[in-house]
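Each chain carries a letter (A, B and C) given by its place in the written order, and its residues are counted from 1.
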Amino acid sequence: MNFLAKLDGRTKLISIVVITLFMFTFKNYWQYLLITGIFILIFFGQLHLNQRKQIIKHWKLILILPSLNLIVNSLFINGKVIWSWWRLHITHLDLAIFWRLILLLLFALTFSTITNPSEMALAIGKLINSLTLGYYQGSGIVLVVIIMAAFIREFSETWQTVIQAAKLRTIPSKSFKRWSDLIARIWLLQPLILISLKKADRVADALIAHGYHQDAKLFDYRKQKYHLNDWIIYGSLVLFIIINNLILGKL
Amino acid sequence: MLKISNLTYQFTSHILPLFPHLNFTLHKGEIYALLGVNGVGKTTLLKILSGLLKPSQGKVFWHDQNIYQSKKILRQYRSQIGFCLQDPEHLFFKQTVADELKYHHVGNVAKIIKQFKLEHLLNYSPFELSGGQKKILQLAIMLLKKPEILIGDEITAGLDTKGQSLIAKNLQKYKKDHIVLLVNHDLNQVIQMCDKFLFLSSEKFQVMTLTDILNYPTIFQKFGLIPPDTIKIGQELIARDILLPDTIYSNSEKIAQIIATLINQKKAK
Amino acid sequence: MANPLLEVKQLQYSSEELIDLNLTVKKKEIIHQVSFTINHHEFVGLVGPNGSGKTTLSKLLTKIIEPSNGHILLDGVDYVDFRPSWKLHQEVSLVFQQVSSQFIGTDFITDLTLSLKNFGWSIAKIENRIKQLTKQLHLKSLIKRPFRELSGGQQQLLAIAEAIAVKPKLLVLDEPTAQLDSENTFLVDQLLAKIFKEESTSILLISHKPIELSLTQKLLTLNQGTLTGNYSTNEFLLDSNLLKENQLIIPATLAIRDYVYKLTKVQLPLVDLSINSLIKAIETVLC
């Protein structure tokens, strides 16, 4: 359980990016199978029940988005056709993309459940600090990321309430006029945007009141150090890439 | 009649359910108050009862039909609910107050406008109204649905005295043929406005009438609440033998009347 | 003391607000020619109906917004001379009505550490201050828990603790308990009383709860952006007409006194709004 939780934010961020890019080099199904296997191990071995539930909650997104993509892709023939019906043709590439998308969504959701916004923001700040060889000491970028992440949550909460309110205001016997309903939906953006603007205003006010300013050295980037677990992850990533390329080279 | 059977709710991220399994029934002609400390799940319970949130366990029966049985029944049920949100802004999606009132209304718009004194606000955007005016507009919108059940989350919070009595007056009128359920932080107001009191904590649930409360005033402390001032004053005066123990003192006027009588008696001597 | 802590001179402000998606903009709150002073270690209350400009005034006093006209002086120094602005925020801090939007960190320690680093405090100094503050205000059980797990009242206690962490000369609170129930309001009010007793800071409390306002020493009334009165707290709170004029709720103790007077022409001698005071008054009149 603890291995994942002890990881540095940077390690989580970099691993996700590397795996994502890495998947684009895959040419064989066994590679996807291997990644899926690793994901299953993480999912059942490292996540709490509640974290798993939070990921599963998004099953619609995980299935619908790749499915839509699959349908669109199947309209075009890109490679050897393995199955076709009417105008739809499924190729190996279509399946690979479908699988890859599902994995990407699962990894992204897992990342967001095991990392809190400030941890992620700090990780980004530290990465920029390292990339600029310590020149960047500021806090602007980190603060912006923290605020954005907090704001996305606020935004979705506001949207949920707006939708609920709209449900209560719509009387079903009158809702046969589907078209006008759809137009009414667009107007739901009004409360969403106006309320969100107000909330953003308040956050900005609070920041000023707490004296936040560009040049303040809020974060001690030097203090953020890697631990053994992080090196293990980096090591296995490198190993994984090397083995993969060796085998691929031979094939 | 709204019957709640074995109902509870549990957030996916929590280990325990919010409140114990609830069993109670709400009837027409009464204003119910839901009381409990912050975070005990009052708003969640209101959402469940208005058909917006499926309970983790248990059922809600409206006219003997489980409201969460099918989507169609749920939609039908929601059309009979008037739900006033804590923050009314979430339901304003028209450009003027007049348009807001006309949207999917069932009741008589002109009458409601008069009842809630909205005449001079009709051409304003709902977003320019003051906090109190927004609350009043929201109640007017909800009453125009002619709902069977009116549910209010802090509908008088932040209102001035005039606004509060306007809302109280309309609720008294409305409760005659309907169910009204309120959450309100101001217990002094609750005691004056409501007929039945649903006390809720994470372990206990208890339904009481005003008489029950006055006979058993420690109920508030038992649920972690500070009792309303009139109850405290009544208790203190009873303890000093100024008021009689078995009488009901629900509001300031009643207490004042008895003290006035005592003063007049003393003057006569 | 010769000089007041805060001098507000002929303050004016107007602003605009977006009201729909057609980008219609309306003039919002306006402050007209507001002048007043706050002394060193003084507890001042500010009351007024909704939309009278209280929140705008609180933002002007904490330099979140700049006035269109007029001056504010802190210990004789004009606000415009505090440059950059954050230098002023060490001297004057603000607690907001909306509880959750004032934090950036996930818990008190992270949030306060971030906030104090703004003012260039060293880690050692920050840790010291946090230790001292949590001991003084009895907040130890709350400081490591994520804000999301705390009640609105508990969060507000921490927000107040953060606001006084910088040892400000003036603490402004904009309806800190408006969103809280009476249990949490009680906790916040207790904390404010303690802070005023133990710290040398002056406090400006915006509120419409009479019981809460009884913590203060004097009261300013604001109506439609204009200051309409300056009272001693006791004089104001025991006057039902003044309470009504400023759209405050009449507390039960006062309502009973007024009703008894109406019926008997006998005035119960209340010294404050507390229940004890009412009981004593009734006993004196009856014995």
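Observations on the structure shown:
Here, a residue touches a chain if its C-beta (ideal position, glycine included) is under 8 Å from a C-beta of that chain, and two chains touch if they have at least 3 such contacts.
Since this is a predicted model, take the numbers as computed values, not measurements.
Taken as a graph of touching chains, this assembly is complete, with every chain in contact with every other.
Two chain pairs, B-C and A-C, are compared here, and B-C has more C-beta pairs in contact (counted per touch definition above). Inter-chain spacing, taken between the CA centroids of chain A and chain C, is 41 Å. Between chain B and chain C the centroid-to-centroid distance comes to 29 Å (mean Cα coordinates, whole Å). Within chain B, residues 127 each touch two or more of the remaining chains. Shown for chain C are the residues in touch with two or more other chains, namely 19-20. The multi-chain contact residues of chain A, meaning those touching 2 or more other chains, are 190, 194.
Across the complex, chain B is touched by residues 50, 53-54, 57, 158, 161-162, 164-174, 184, 187-188, 190-191, 194-195 of chain A.
Chain contact summary for the complex, chain A toward chain C: residues 116, 118, 143, 146-147, 150, 189-190, 193-194, 197, 199, 202-203, 205-213, 216-218, 220.
Listed in rising order, the residues of chain B touching chain C in the complex are 37-39, 95, 125, 127-128, 130-132, 157-158, 160-162, 185-188, 224-226, 228-230, 232-233, 236-237, 240, 242, 252-253, 255-257, 259-260, 262-264, 266-267.
Taken together, the chain B residues at the contact with chain A in this complex read 12-13, 47, 50, 52, 75-76, 78-79, 81-83, 85, 87, 89-94, 103-104, 106, 127, 141-142, 145.
Interface residues of chain C, counted against chain A in their complex, comprise 18-21, 59, 62-64, 84-86, 89-90, 93-94, 96, 98, 101-106, 110, 114-115, 117-120, 123, 162.
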